Structure formats: structure tokens, C-alpha cells
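Multiple structures follow.
After this come two complexes, each holding chain A, first together with chain B and then together with chain C.
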Partner chain A sequence: MLETLSFILPELSLTLTLCTLLLVGLKFKNKFLLYSLVKMGVLATFIFLVWGGGGYLNSVSIFSNSLSIDPLSRFFKILILFPTLFCSWFALNSYELHEKSHIEALLLILGSTLGMFFLVSSSDLLMIYLSLETVSIFSYVLAGIRKKHALSNEASVKYMIFGTFVSGGMLYGLSLLYGMTGSLNLLDIATQLKDYNTHDFSLLFISLLIFGGFAYKISAVPFHMWTPDVYEGAPTPITTFFSTAPKVAGFAVLIRFFYVVFSTQMTEGGVTIWATTDLHWPEIVALLSAITMTVGNFAALSQTNVKRLLAYSTIAHSGYILMGFVVLGVEGLEAVLFYTLVYIFMKLGAFFVTQCVGNKFKNEELSSFKEIGWKSPLLGISMTLFLFALIGLPPTSGFIGKFYLFNAALHKGLLWLVIVAIFNSVVSLYYYAKILKALYLEKSEKEFSFTLNFFDSYVLVFLSVAVMLLGIYVEPFIHWVKASVYFIVG
Partner chain B sequence: MAYQTHEYIAVGMLFLFAALVATLILIATHLLGPKIKDPAKMRPYECGPEPQGTPRHQFSVHFYIIAIFFILFDIEAVFMYPWAVMFKKFLILQGFVIILDMVVFIGILAVGFIYIWKKKALEWDL
Partner chain C sequence: MHSWFGQHTLSLITFIPIIGILLVLSIPKTKETVLKYTALAFATTPFVLSLYVYQYFDLTSSKMQFVEQLNWIPSFNIEYFLGIDGLSLPMILLTGLLSALCIIASWNIKKGLKGYLALFLLLETGMLGVFCALDFFLFFIFWEVMLLPMYFLIGIWGGPKKEYAAIKFFLYTLVGSVLMLVALIAFYLNTDPHTFNLIKLSEPGILVGNQISLFGISLSFHSFKILLWIFLFIGFAIKVPLFPFHTWLPLAHVEAPTAISVILAGVLLKMGTYGLLRISYPILPGETLYFIKDIPLLPLLGVVNIIYGACCAMAQITLPEEKGGNDLKKLIAYSSISHMGYVILGMSAMTSEAMHGAVFQMFNHGTITAMLFLLVGVIYDQAHHRKIDGFGGLATKVPVLTGIVSVAFFAALGLPGLSGFISEALVFLGSFKSTLPGLRTFTVLATLGIILNAAFLLWALQKIFLGTLNTQYENFQDMTKRELITLVPLTVVVIFLGVYPTPMLDLMQRTLNNLLHLMGV
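And now, the complex of A and B:
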């Protein structure tokens, strides 16, 4: 029993941070003290993840095969820690969250992170559902944390109703899968399904139902409807958290579920690929990926609220990542992992700039961005970098990420998907450039001055450097991604 | 196991019979009883004194909060039942760990309890 504990040290340290933060936050309200606690907890978790060794080097299945500690889960857990750390700081410095809700926001963000940690390592149907619901319920509360604000309440209610409905559908699919195979463990189900007649319509139906549950978390069409309203209504730091961490966790569980259950692993000439034996979900998901990209990019063209615009951009990026997902091969998987890595920093940066502007002008419309590029050069330059990364221009990391995705899709032969993606990237240039135009080419009506305090500047510089670094000095990160693609647990 | 339906026929008959008797009694009372309507008999009953005002007043939302707390700590108690059943055997086999597990579990919930105590959620008149 005690040996198993060494495998879940990261989760234990997060729980300890949560409890300590709760007790300390009852007495002390100092922003810096609370954030230091969060920072120490996240640092301890990070240390356990990177130097914990043990299961993360050779995959281990613990708690009667319900959790799987392997390199893939380690990669995603490290990735999830960044939004936790940054969004905690953003939440403590937002004009939308009062002092009284600071401690609750931090606790809910940490709790959501804990749920995501379990989600990315779950190898059991029950664990997947439980952790997905943990993350979702924390998110519902986080979206509506501004109790007196109508938009925030609307966001929370929309998110909750939509989420519970789709989760119900996913649960139906999961229970049908259990009924068909008699086992909850992903590997056992995969072994059982090998003997199945995969022309069976029910298996396709089940796979699409379960895909729906995960697609809702990653905002893929047709489960993307909640994204603009929830992102616009929730407070900006919470939106930042929503657009980064749950998306990453959703992709992690999507990969683990679909690559283990609905595909069979083969090794051809030293390269591992996955095949689906007549079950046509990759074709359907490829089509959904194309539609997602198109919907996300075209709907963003007419937005005037920057948060809504970034929400549609999130939908579009989910479409790009799904493109790498349907390529059932190691190349595609590496592309997906690398793109989620670069995507987190781009989105954190873009939303943080929106929050800085929002803190100043109390709204996040495009009109508030006018002339900011001249008044605060740091804000302008970093926003330019983040937007260039989101578009996918070299030499930013967004370009490298998109390059890997297109490369993987082309090698598989999905030329039409790559053409759609390139077309959509070009279209996305327009609405990102709208922000750039407001920053540098438009004059605002009133005179104002913009000063950033030291910590905001520090965060901006850090995120800009991260976005550029991942695009220029790619080698160690690709190495890390390649080492993380092992997750089948025996 | 559900195929041995002949074992459950007795339960089904009992259920039907009970429903039948209740329905018959209600119908018989309705048909055979006297039907004299009187204003005093038609008023809602309030244990004697005259009813005042409407029966609807604002329901305190605090009931809901206390119900949620009850669910949480009740589930904690439910988790303690299997633990208690296995306690003696595990104490002999593996020693102190079994107690430590439950202490950690109760500890996490105790932290939550301290939170709701300090946030004044246990006081009624707020």
C-alpha cells in the first residue's frame, strides 16, 4: 500500500496544498501569501513529477488498474501545472474578482487541477467519468463565481446545463461499452473488442457518444456552442484557465481512450501505428476537425469582444489539434503533444493581455485596445508575439506546432484536411490582425496613460520568451515529447 | 437469478392485494359516505385555531445548505462502514496503516468542516 503512495505523490502534494491553502486563507487575506502557498505547492508537485521517477519512467497501473502512471500522463500533468500557476496569479489581480472571492477562486482552480491530474492518468471507465465530472463541476462554479454579475451567472448556467447533458450522453456510451465487454478497464475492453464484429453500428454509435463527451470539453463541433458565451461571461482569469487546462486534459483523455479502446496498436518497421479495423471514427473525427476549424475561424471574423474572439479562436485551435489526433500514428501524437505545449503559452499570453486591458478600462471590447501599443510598448509587443503565434507565423512556436501537425497529416495522406487547415489559418489572420490594428493603427478618443506594475511585466516577458523559445530552440522539447508517447500499460 | 420468477410471485400477489384493498376502501368510502357540505368543514385544518394568511411563505434557503452538508458527512460515514468491517483483520495483517488511511480521509473532510464553520454556514439566522 505504501509503495503505491509513491506513485501518486504529485496528487498528494496538490491535496496538501489545497488543505493548507484552505486553512491559511480563512485567517489571512494577503494576496502574496496565498500566491506563495500556491506557488510552493505547484513547485512541489512539479518536483515530484519531474524527479519522482518510479512509475513515470516505466508505466505503472495502480489502484486496481484504474490509474495509469506513465510518460504521457506525466507530460500532460506538467503542462496542466502552468495554467494553474498563472491563472492563480491572474485571479488574484483581476478587477472582476473581489477580495472575498480570492480564496475560493484559488481553491477551485487547484481542485480543478487535481481533477485533471486524475483525468489524464485514468485508465478505467469509472475513473474517467469521475474525474471528468470533478473538473466540470469545479468549472461550473468557477464560471459563475461573480455572484452579482448577470453574464457570469448566465455563463455558469449554460455551461452546467450543456455539460451535464453531454456528460449524460457520454455516460450512456460508457455504460453500453461496459455492458458489451463486461469490464471497466480500458485495456480489458480493448482485448474484448478485438474479437468483435466492428462493422457493428452500435460500436460506432458508442464511440461517437463517448467522443461527444470529450469533444464538449475540447470545444469541438457540434459541442462547441457553450464556448463563446461561457468565455465571455466568466471572469477573465477563469476564462484563461478554461481555455488552457481543461482543453489539454480533454485531449489527454481523448488520446488515451481512443488509442487504447477503439484502435489496435501495431508496429510496422519500428514505427508504432494504430489501426482501427473498419470502425470509421477517424474519418468522422477528421470531418469534424475540418468543420471545427472552419466554424471557429469564420465565426470569429465578426466579433467585437476580444474574449469572444479568443473563444472562437480556441474552437479553431481544437480543430487543428484534432487534425493531428486522427492521424493514427506516432507522428500525429507527437504533433498533438507539441501543439498543446505551445498552445498553452500562447493562450495564457493572449488572455493575460486582455486582462491587463480589462483591468484598466473595465471592459474587454476591441475599442479598449485602441492605441495600447503606443501607450504601453511591452503590452503591444507581447500581444503581437502572442497573436503571431496564434496565427502560426514563423519564427514563433505556433508556426512550429502547426508545421508538425500539417506534416503528420500529410504523411498520412489527408491532403484535403491540410488544405482546409491552411485556408483557415489564412482566414484567422484577419481577426487577429483586427486586434493588432486596434493596438497600433487606431487612435482612442480619450487620452490615457498605461502603466504596468512589475509583476504583470514580469509575467508578460516570461510568456513572450516562452512563446519565442519554443519556436526557436525546439530540440529539447521535441525530445521530451518523443519520450512521452508511451502509454499502453500492460 | 431473475429467472426464478416463481419465488417472486408471492411478493407480487401481496403488492397487488395491498393496492386492491386500499383502492377498494377509498372507493367504498367515497360512494357510501354521507355528502353534506358545510363551510366549517371545507376550511383547511390547523389544529384548532383559525387559519391566518396564505399557506405560502418564504422558504429559508438554509435548509438546502444543511441538506448538502448532511449528504457530504453522511457519505463520509458510509465510507467508514466497510473500513470498520475490515479493520480488525487489517490491523493484524498490516499494522498501523489502516488507522492512518482513515485519519487522512477524515482529516481532509475535517478541513472542509473547519471551512464551513468559519464561514458561518452552520449558523441558522443568517
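And now, the complex of A and C:
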């Protein structure tokens, strides 16, 4: 038993942090103290992830095979720690959050993180559903954390209603799958399905229901409708958290579920293809990916609120990442993992700049960004870097990420999807350039000065360096990605 | 040659401006003079180093020289691979020279000087990198690095319609480069072992692949290669710019500040033709010949560019201002389109003379257009307008300016004794000699361009400098020392190469003949 527990040391350390924070938060309100606690908790979790439980490359199944602790889940857990750490800091400095709700925000973020830790590890239908709900419920509350703010309340309710419907559908799909195969364990289900009549309509139906549940988490079309409203209504640090951590976790569970259940490996010319079923999965997902990126980019074109604009850009990026998911082989998975890695940093950065501007002007309209580049060079330069990364221009990491994805898709012969994606990049340039234009080219009507405090500057520099570093010194990260993928495909 | 310095000269050339950026950013913005001299020093060093490279360049070899090769991202076989041959060295010399002169031409920039200089140096690194890179991935990165500084340099320091011009430039170039990205990945995936190395990619028979389907249509690998050629071609054609991808150019050139117009016309346009010669020609020789022989797309577009560009330039004189005419800078911009047409025509003739003419024209157009744009800047700084019929009789007041303008205009229209003549004559000679079908006709049509060029240039010269003096400009001042420093070196180069072109032609000879040999001509 104790030995088993040693594998969930990261989760335990998160839980411990959560409890400590709850107790300390009752008495002390100092934000540096609270933040140091989160930081220590995250650091401990990180250490346990990398060195705990027999090392990074070790993999085991625990708790009656309901959790799989392996390099893939470790990769995503490490990724999720970044938004947790940064968004906690953002939350403590946001104008939108009252001092009294600081501790609530931190607790909810940590709770949600804990849910995601279980989600990315789960290898069992019940565990998937439970952890997905954990994440969702924390998210509903987080979205509505501004109690007296109409948009925030709307965001929370919208998120909840939408989420409930989708997860109801998903639960239905999961129960049907259980009924068909008689097992909750993903590996068992995969074995059972091998002998199944693959022409069966029910299988398509089930997989669509389940896919819907995940697609909602990653805001893929047509399950994206909640995204702009929730992102606009929630306070910026919470939006930042939503657009990074749960998204990444959603992709992690999507990969694990579909890779294990709906595909067996068949190698055709060195490329692993989806083969178990006659379902035209790759085509369906490819189409969804193309539609998702197109809808996201075109809807973003007319936005004037930067938070909303970035929300649509999140949808577009889900579309890009799905490109890699279509190619469910080594290349595709590596591309997805690498892209999520770079995506986290550029999205954190872009949202953080938005928050800094928001704190100053109490809104996130595009017009508030005017002249910021001249008043605060650091803010301007770093935002430029983040936007260039989001467009996918070298030498930022966004380019290497896109290159990885396109490479995977072309490897599979999906030239059309790549062409759709590149034209989407061009479209996306137009609305990202609107922010650049506001930052540097336009004159503000107001006279103002802008100074960043030391800690905010430090965070910005860190994120900018990360976005550049992942674009130039790439090799070690590719190795990390390869090592993480190796477990599931190797 | 074998010293550390000799082995890393190209890296130094490429990245010294980056060091300059760091220095410029750390100097307080109140110290304007220090800032300018620092930027000037770091912008000039690459030129000095490229002269060193020129000194030790082996004219008898068609191989890459000053090669630097390191693994950068081994997982994708991406190399940090630099090297130069007779095609890239003239371009590097040109880039170095123009960058240095452009910093001097930017001496009067007041607004956000620090940002301007930093962006300019970043632009210089991008340009030099493109000409040095021999790994397609690296080439692409440098190619894209130029977008950021260019967008801001036009968008912040430009004229009245700068925002529109900047975003148009950005969008056009990005469309081209994303198509190039597809070709880049396709090359990589269809070689075994996968590689981005441009030298390896140019070995015949290295590209092999299977059928591929696009939107439900099945393409054989042969047609796929043609598709890739078109992708690359669009990417490069937008930069050149070839009709019908040219519409960004007049706008960007007119709105950009003087120094940036010089860089745009002098260096950036050459990247299109350089890319064709460095990538499309050697890697897809069959497809290139297909678009010259079977479908004469390249020579046709070359001729269209020559005549269309010249007609548009002419329209600047005949049309009134309300209809978008009467702008001296726009006239020069359109004449650039016309002159780049000669390069394309020469490149598509596949004879040694025409090829030399084309590459020489790339260099000459760089120096001559740079002069023209600098001169427009000189006039605009005093008159604050660029209307062609807003002047008159300036020659009596400003003899030095008139003299240099005349040299530049005559060089642009191809007067013997000036460098433009040599390259245009070689292009015509070579393409008339070419045995490829239809090229003779194209050459004959292209000669019309000479007449048109002469017509609008002389007309403009007459309207501005000759006739009776416009009384408004009684006190028009002649060129200042600073302006002379930017223009005299270019004038010297234009005259020198017009009289004695051998050094430049010798430089490119081996490389170009080798390229033609590779193309199987």
C-alpha cells in the first residue's frame, strides 16, 4: 500500500498544499505568503514528478489499474504545473479579484489542478469521468468567482449548463461502452473491441458521444460555443488558467482514450494508422480540425475585446493541435505534445500582458492597448514575441510547434489539411496584428505612464525567454517529448 | 583562412548586427549621437567583413566557400549551415553596403530612434542570413525574421498610409512564405535520409516519393513536384515582385521612410530572384524547365513585368494626383518592377550570358534603385512633397544634385558606360541567343521596355530639373555633406562597374556556369 502511495506523491503533495493553504488562508491574507506556499507546493510536486516513484521513465498501473503513472502522464502533469503556478500569481494581482477572494481562487485553482493530475493518468472509464467532473466543477466556480459581476455570473452558469449536457452525453456513451464490453478498464475494452463487428452503428454513436465530452474540454467545434463568453466573463487570471491547463489535460485524455481504445497499431510504410474499426476517424477528426481552426480564426477577426479575441484564438489553436491528433502515430503524438508545451507559454504570456493592461485601465478593450509599446517597452516587446509565436513565425517556438504539426500531417499525406492550416495562419496574422498595431502604431487619446513592478517584469521576462528558447534550443525538448511518447507507442 | 576568424566569418557577418542591437538597447535614448554611431559601426562591420571575404574568395571554384556546418536540431536533421558562392557573395556585398549607407540616410530620424536602429539591425541580420544560409530550414527562418522589423519600420516611421502599407506587406509576404513552408516540409519528407541541406537537395534524383492526394484528387509525384514548384514560385514571386503579385510594392515603397525604401528595393526584391536561383532552379530543374519551355511562364512574366512596370511608371507622369499619379517615389517604385523583369527574363533564357546578366542586374538594380530612392528622399526632405510637376528648373539652383540625379537616371535607363547598361545588354544578348522556343520573341518585346524606361525617366528629369525655375524654390539648397556621403559611393560603384564590370562577372562565373550545367543546359 505504502509503495503504491509513493507513485501518487505528486498528487499527495498537491493535496497537502491545498490543506495548508486553507488553514493558513483563514488567518493570513498576505499575498506573498500565500504565493510562496503555492510555489513551494508546486516545486515539491515537480520534484516528486521527476524523481519520485522510481524515476521519470518508469511506468506502473495502480489502484486496480485505474491510474496509469507513466511518462506520458508525467509530461502533461509537468505542463499543467506551469499554469497553476503562474495563474496563482496572476490571480493575486488582478484588479478583478477582491482581496477576500484571493484564497478562494488559489484553492480552486489547486483543486482543479489536482483533478487534472488524475485526469491525465486515468486509464479507466470511471476514473476518467470522475476526474473530468472534478475539473469541471472547480472550473464552474472559478468562472463565477466575481460574485457581484454580471458577466462573471453569466460565464459560470453558461459553462455549467453546457458542461452538464455534454458530460451527460459522455456518461451515456461511457455506460454504453461498458455495457458492450463489460469492462471499465481501457486496455480490457480495447481487447474486447477487437472481436467486435466494427460496422456496428452503435460504436460510431458511442465514440461520438465520448468525443463530444473531450471536445468540449478542448473547445473544438461544434462544442466551442461556451468558450468566448466564459473567457470574457471570467476574471483574466482565471481565463488564462482555462485556456491553458484544462486544454492540455483534455488533449492528454483524448490521446490516451482514443489511442488505447479505438486504434490498434498497424504499420503501413512506417506510419502508424488507426485500424481497429471501420469508422472513418481520421477523416472525421481532420474535418473537425479544419473547421475548428477556421471558425476560431474567422470569428476572431472582428473582435475588439482582447480577452475575447484570445478566446477565439484558443479555439483556433485547438484546431491546429487536432491536426497532430489525426495522425495518431509517433509523429502526430510528438507534434501534439510539443505544441502543447509551447502553446502553454505563449498563451500564458499573451494573457498576462492583457491582464497587466487590464489592471491599468480596468478593461481589456483593444483601445486600451494603444501606445503601450512606447510607454512600457518590456510589455510591448514581450507581447510582440507572444503574438509572433501565436501566429507561428520564427524564430519563436510557435514556429517550431507549427512545423512539427505540419510535418506530421504531411507525413500522413494530409496535404489539404496543411493547406487549410497555413491559410488559417495568414488569417490569424490579421487579428494578431491588430494588437501589434494598437501597441505601437496608434496614438492613445489619454496621457498616461506605465510602470511594471519588479515581479511582473520578472514573470514577463521568464515567459519571453521560454517562448524564444523553445524556438532556438529545441533539441532537448524534442528528446523529452520523444521519451514521453515512447511509452504509449513504443 | 584557417584561423578561427576565417572559419567563422559568415557567422560574424550575420550576427554582428545582433550584438549591435544589444548595445543599442542598453544606451540611454537621450544620447542620440552615440546611438547613431554605434548602430553605424555595427551595420558597417558586416560590409567590411564581406570585403575580407571577397579578398579571399576563390574565383576558380564553383564550390561553396567559407562553409560552417553544425548540427542544430538533429532530430529533424536541421543544420546550422552557412556558405557562399558566386551567387550569394555579390548579394552580401550589396546588403552590407546598402545597410551601412542607410543608417547614414536615417540620421534625421527623431521619433523612437532607439527602436528604429534596433529594428534596422535585426533586418540586416535577416537579410545577410538569407544570403548565407545553405540549409532550407535556416534560410526560411532568416527569411521570416525580416518580417517583424519590416512591419514596424514601415508601420511606425512611414508616410500617411503607413498602417495599411505595413499590414499589406506583411500579409502578402506571409502568404508566400507559408507556401514555401509546405514545399520545405515536402522536400524534407521526400528525401531519404530526410534533409534540409540545400546542397544535398540539389543532387539529381534525390527527391523520390509516392502518389499524394489533394482534396480528393490523386497526384502523381511528378505533378506533386510541379505543385511544389508553384508554391515556391508564388513565395518568391511575391518578393520579386512579379505581376500579378506586385500590388504591395508601390504602396510599401511609397509609404516607407527613405532608408527602408532603399532596403526594400535594393535588397528585399533580390531575395525573390535569389530564392529562385538558389532553391527552385537546382532542386527542381525539370519543373523549372517545364515552366520555361513547355509553358513559357517565367519569360512571359518577365516581359510583362518589364512593360507593365514601365507603363505604370509612365502613368505617374501623365495621370493627375487625384488618380494616384504624379508621385516621383511611386514612379521609381514602378520602375523597380520593370527592372526586375530583366532579371527574370535573363534567368529564364538558360544561356551563360543571360544568366550573368540577370545576376549582375540584381546587383546593379540594387545600387541604382538605392540611389534613386535616396535622391527622392533628398528632394522630399526639402520640398515636403514628391509631385513630379511641382518643381521645375531646379538645375540652375542645385547643380550637384542634378548631376547625381542624372547619373542615377541614365544608369536606370541603361546608358552605356554605366553599370545598368552592361547587365541589360548581357540579358538581351543571352536571351536573344537562347534556343528555347519563343525567347527571341520575348526578347524583342522586352526591348520596348528600354524605350519606355528612357521616356519616363527623361520626362521626369526634364519636368523637375529643366525649364524655368519654379519661383517657390528660389532657396532650394544643394546636397549636404551627409547626403553626399550616402550617394557618392553608390555613384562610384555604378560608374566603375559600367566601365570595368569584370570583377563582378568573374565572381559569379563559375557558380552560374555550374548551375546551368546542373540544369542540363
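By definition in this document, the second predicted complex is superposed on the first by the 471 of 490 C-alpha atoms of A that agree within 3 Å, B and C clash if a C-alpha of one lies under 4 Å from a C-alpha of the other, contacts with A are read in each partner's own complex, and residues count from 1 in each chain.
The definition used in the following text is that a residue touches a chain if its C-beta (ideal position, glycine included) is under 8 Å from a C-beta of that chain, and two chains touch if they have at least 3 such contacts.
Treat the numbers as computed from the prediction; the structure is a model and nothing was measured.
K.L.:
Could you tell me if A:150 is touching chain B, chain C, both of them or neither one (first, second, both, neither)?
P.N.:
Touch status of A:150: no partner.
K.L.:
Please indicate which partner A:416 is in contact with in the superposed arrangement: first for chain B, second for chain C, both, or neither.
P.N.:
After superposing on A, A:416 lies in contact with chain C but is clear of chain B.
K.L.:
Which partner does A:407 contact after superposing on A: first (chain B), second (chain C), both, neither?
P.N.:
Only chain C; A:407 stays clear of chain B.
K.L.:
Between chain B and chain C, pick out the one touching the greater number of residues of chain A.
P.N.:
C
K.L.:
Tell me the contact category for A:433 with respect to chain B and chain C: first, second, both or neither.
P.N.:
After superposition on chain A, A:433 lies in contact with chain C alone.
K.L.:
Applying the document's contact rule, which stretches of chain A touch chain B when the two form their complex?
P.N.:
Within the complex, chain A touches chain B at residues 1-2, 15, 19, 22-23, 26.
K.L.:
Quick check: in the complex, which residue numbers of chain A touch chain C?
P.N.:
374, 384, 388, 393-395, 399, 403, 406-407, 410-411, 413, 415-416, 418-419, 422-423, 425-426, 429-430, 433, 436-437, 440-441, 474-475, 478-479, 482
K.L.:
Flag every residue of chain B that touches chain A in the complex, lowest number first.
P.N.:
So the residues of chain B in touch with chain A come to 94, 97, 101, 107-108, 111-112, 114-115, 118-119.
K.L.:
Chain A touches which residues of chain C in the complex?
P.N.:
Checking each residue of chain C against chain A gives 72-76, 112, 140-141, 144-145, 147-148, 151-152, 155-156, 162-163, 166-167, 170-171, 174-175, 178-179, 181-182, 185-186, 188-189, 212-215.
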